[in-house]
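By letter and in written order, the chains are A, B and C; residue numbering begins at 1 in each of them.
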Amino acid sequence: MVTLGELAAHLGCEADSDDVGIELDGIAPLGRAGSRDLAFVSESRYLDALKDCRAACVIVKPDWQAQSPVPALCVADPYLAYAQISAFFDTLPAPPLGIHPGAFVDPSVTVPASASIGPGACVEADAVLGEHVVLSPGAYVGRGVTLGDNCRLWPGVVLYHGVVLGDDCVVHANSVIGADGFGFARRTDGWEKISQLGSVRIGDRVDIGAGVTIDRGALDDTVIADDVIIDDQVHIAHNCVIGRRTAIAGCVGMAGSSVIGEDCTFAGQVGVSGHLKICDNAHFTGQAKVARKVDEPGNYSSGTPLEATRQWRKNAVRFGQLDAMQRRLVKLEAKLDALGEAVSDDD
Amino acid sequence: MVTLGELAAHLGCEADSDDVGIELDGIAPLGRAGSRDLAFVSESRYLDALKDCRAACVIVKPDWQAQSPVPALCVADPYLAYAQISAFFDTLPAPPLGIHPGAFVDPSVTVPASASIGPGACVEADAVLGEHVVLSPGAYVGRGVTLGDNCRLWPGVVLYHGVVLGDDCVVHANSVIGADGFGFARRTDGWEKISQLGSVRIGDRVDIGAGVTIDRGALDDTVIADDVIIDDQVHIAHNCVIGRRTAIAGCVGMAGSSVIGEDCTFAGQVGVSGHLKICDNAHFTGQAKVARKVDEPGNYSSGTPLEATRQWRKNAVRFGQLDAMQRRLVKLEAKLDALGEAVSDDD
Amino acid sequence: MVTLGELAAHLGCEADSDDVGIELDGIAPLGRAGSRDLAFVSESRYLDALKDCRAACVIVKPDWQAQSPVPALCVADPYLAYAQISAFFDTLPAPPLGIHPGAFVDPSVTVPASASIGPGACVEADAVLGEHVVLSPGAYVGRGVTLGDNCRLWPGVVLYHGVVLGDDCVVHANSVIGADGFGFARRTDGWEKISQLGSVRIGDRVDIGAGVTIDRGALDDTVIADDVIIDDQVHIAHNCVIGRRTAIAGCVGMAGSSVIGEDCTFAGQVGVSGHLKICDNAHFTGQAKVARKVDEPGNYSSGTPLEATRQWRKNAVRFGQLDAMQRRLVKLEAKLDALGEAVSDDD
């Protein structure tokens, strides 16, 4: 439970003195928010629904306040304000401090009193743990790993030896950071494994989803800069470098040694080839096939639109004739020009 | 070992009294089934192979019985019958009942005597476990999770706090249900995390493969209805709603808040954009890019066919000229019409 | 630390007697290699950078030795030589021999004295462990699994019952081998699960990345031949058969029962439909949609090139008109021919 006055203080905005004592238990979508819920309006297209709002309070832009039938918190960016106060409503208790007797911590490791290490978690020799780190049950911290302050590993996360995380990072369950990059040299009779001697260095405030894999570098490190956010099941291959604040949605795959700029966004299932350079502020729509460098900011796409399969088949077969169609078109143009001239000459 | 008579009884079909004592040790493909194997014919195109069948017994449609050189079980749908009796041949012993001394179960949790909890499994406070649940080694059940009767979590499965599974669900190894949805608000200097306050609610008889991620909702829950089946490495983002009996093959990714109908099928690697509505009985071929709503049942596809790379390159470059080609085509048509008229006028 | 003489001996190449004592601490890219680093030149386009090289030693082809300002090791294939000596520079200590007291090993299992079993690892009944196997913390070895000599499972790997690995295999963290294939028969009211009675058989020297899923077969086994290499987050469905030395990059998905030849390569995110046969020496570029059999060796691709989204939209909409465009083209050609003849007749 939190009061409207507390939220207003946290957001640094005004609240009517009659309203500061209003108690809130949760946040809910505008349409179903009830008498103990907070709601918010982030886009003007939702204003129609605002007039029927029965929330205890609603976050709006100042211009929209007059349209609210309930007490309002006015801020420049209601969606950001919603994000900023969302943690007040997260009721999950903090995990217990200390080392669970079912955890395995190498005696070489100093565990801060503020840390929480769950049962089955394992910390190998020479790991360095920051203040307030949370190692959930079954998390694995390899030899010589460094975890900054306030890092949280959810259950089953695996950090291989030497991986470095900055402060305030979150890694969701079963993600793997620092496994060997996919490096092999061809022999006539098979493949010669290349030991992956680099590591993975991750900045501050990096948020990593569940089931993610970020591989260690071959010689240099794989690098994820500050404030990068990564969704579930993303794969980042060895020696990629991801610039600050770049956002990577679910199931994106990045091949080795690609260098991604700052403030880029990758929608789901985008694939990036290896050894590419992508400039800052490049944005990719879902499933885009990024097989060339990008040096102009902007939005990029590839693929074909969804069609009924029967119609798609007809068009898809023509894709395989596209070059021939183009050449027929060129021939037609020339022939028509020639004929046009012949007809004019006739006149 | 099972007898033909027992299988006939299970399937509710007739077996010749001379045959009921036939003993079967396994199921095998028609071509290699031997004298203690059961085989089946599910499609008429396999009837040619039936005449050489050396199985102990074969499941067929009634019309095909005369063509079988070996005893037959006759049913309307042989493939379904094969599925229905396949469990007779699964020889893996049930896991031992009780709580392994290497498991970690919060004292607040009541564990039914019919449950099996393996070493390294962890059950947090206030979880509710149904009858006959199996928590394999290293499975993690977060605070306040509800597991219906007969649920089985394979090793390394992680259920975050508050996740609800109905009865008879299976979750294969290392899948993660209830990790935070990918929700952030943009600040000028980075991203503001949005606490994901919803959960994941999963119905009865839902089967989930290995390495799957299903994220918890932002405000409302992510919902998977009864009888949904999900293959390995599928990603379902926050606040998706998946309708009953829908089948999702490997590596499919669904972005946030999409609402999928009943009885849909998604082939491998399909990508679904966020906030879309897909009607019942919509079917998508592999890698389809579902970036718009679908309100007509039917089959849908996108992409281009596989070609030799040398040929593909020529056609792919023309894709980037398609709009120009279309405009040249329109111009040609107009020019040809004009010329045709000019020629006619001349006559 | 290793000496140049030791590396020359390992590679079977000559080193100048003045140089054999040179001590090396690491391998570094040509551009940043310092006085205790080894470097290598694998392609002639890097020869320009060789003249400024400050490494302690460089691996080159014999023809390039004259251009090296530092001592050189001359070999026919410098990239392969780099791979062959890379393990000398891997400083991670071997895991401790023996069974950690926090591991769970069924009494029926014989553990070789050369094996290492970490805390939280679990070995079920009747598993067979080869010499020098390493089961990292939290790895799970199901009932009756066979692991050949020198196999290494990284943390959180799950091998289901009956899975067989040959010698010298590596499986990176949180991969799952042997989960149920995605097999269900349709009932009117839902799906009937088909028990997956096959297993997974993996050859020698197979390298499997992190977060991979390889499902057990329905009746026969899923088979991965010797010397196959598999990157992170690959999914291989039930009853696939992968030929020797085939390389599969990250996020590739293969549907059930496909049979892949030897020496194939799959780039990232390729999707292979079910029941296909792919011949030896077939190579697929990233995201290729392999929905038909391939019986000619060579390179294959599909998809469209990356474009600015605004331009892509214009072309993509024309894709849906391709068949109509083709028909208009045919009509134009006929009309133009007719007109051409009419004009000639006029003359």
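Everything below uses one rule, namely that a residue touches a chain if its C-beta (ideal position, glycine included) is under 8 Å from a C-beta of that chain, and two chains touch if they have at least 3 such contacts.
Owing to the predicted nature of the structure, the values given are computational and were not obtained by experimental measurement.
> Subunit B and subunit C share one sequence, so how far apart are they rotationally when you fit their Cα atoms? Give it in degrees, rounded to a multiple of 5.
120
> Given that subunit A and subunit C are copies and touch, would you call their interface same or different according to whether over half of its residue numbers are shared?
On the two sides of the subunit C and subunit A interface, the residue numbers are mostly different, under half being shared.
> Just the number, please: Cα centre separation of subunit A and subunit C in whole Å.
25
> Counting only residues that touch at least two other chains, what does the list for subunit B look like?
120, 138, 156, 174, 211, 233, 251, 269, 285, 287, 303-305, 307, 317, 319, 321-322, 325, 329, 332, 336, 339, 343, 346
> For subunit C, which residues count as touching subunit A in their complex?
26-29, 77, 79-80, 82-84, 86-87, 89-90, 92-93, 100, 102, 118-120, 136-138, 154-156, 170, 172-174, 205, 207, 209-211, 226-227, 229, 231-233, 245, 247, 249-251, 267-269, 285-287, 303-310, 312-313, 316-317, 319-323, 325-326, 329, 332-333, 336, 339-340, 343, 346-347
> Can you list the subunit B residues touching subunit A in their complex?
104, 120, 122, 138, 140, 143, 156, 158, 160-161, 174, 176, 179-180, 182-187, 189-195, 197, 211, 213, 215, 219-220, 233, 235, 237, 251, 253, 255, 269, 271, 273, 285, 287-292, 294, 296, 298-305, 307, 311, 314-315, 317-319, 321-322, 325, 328-329, 332, 335-336, 339, 342-343, 346
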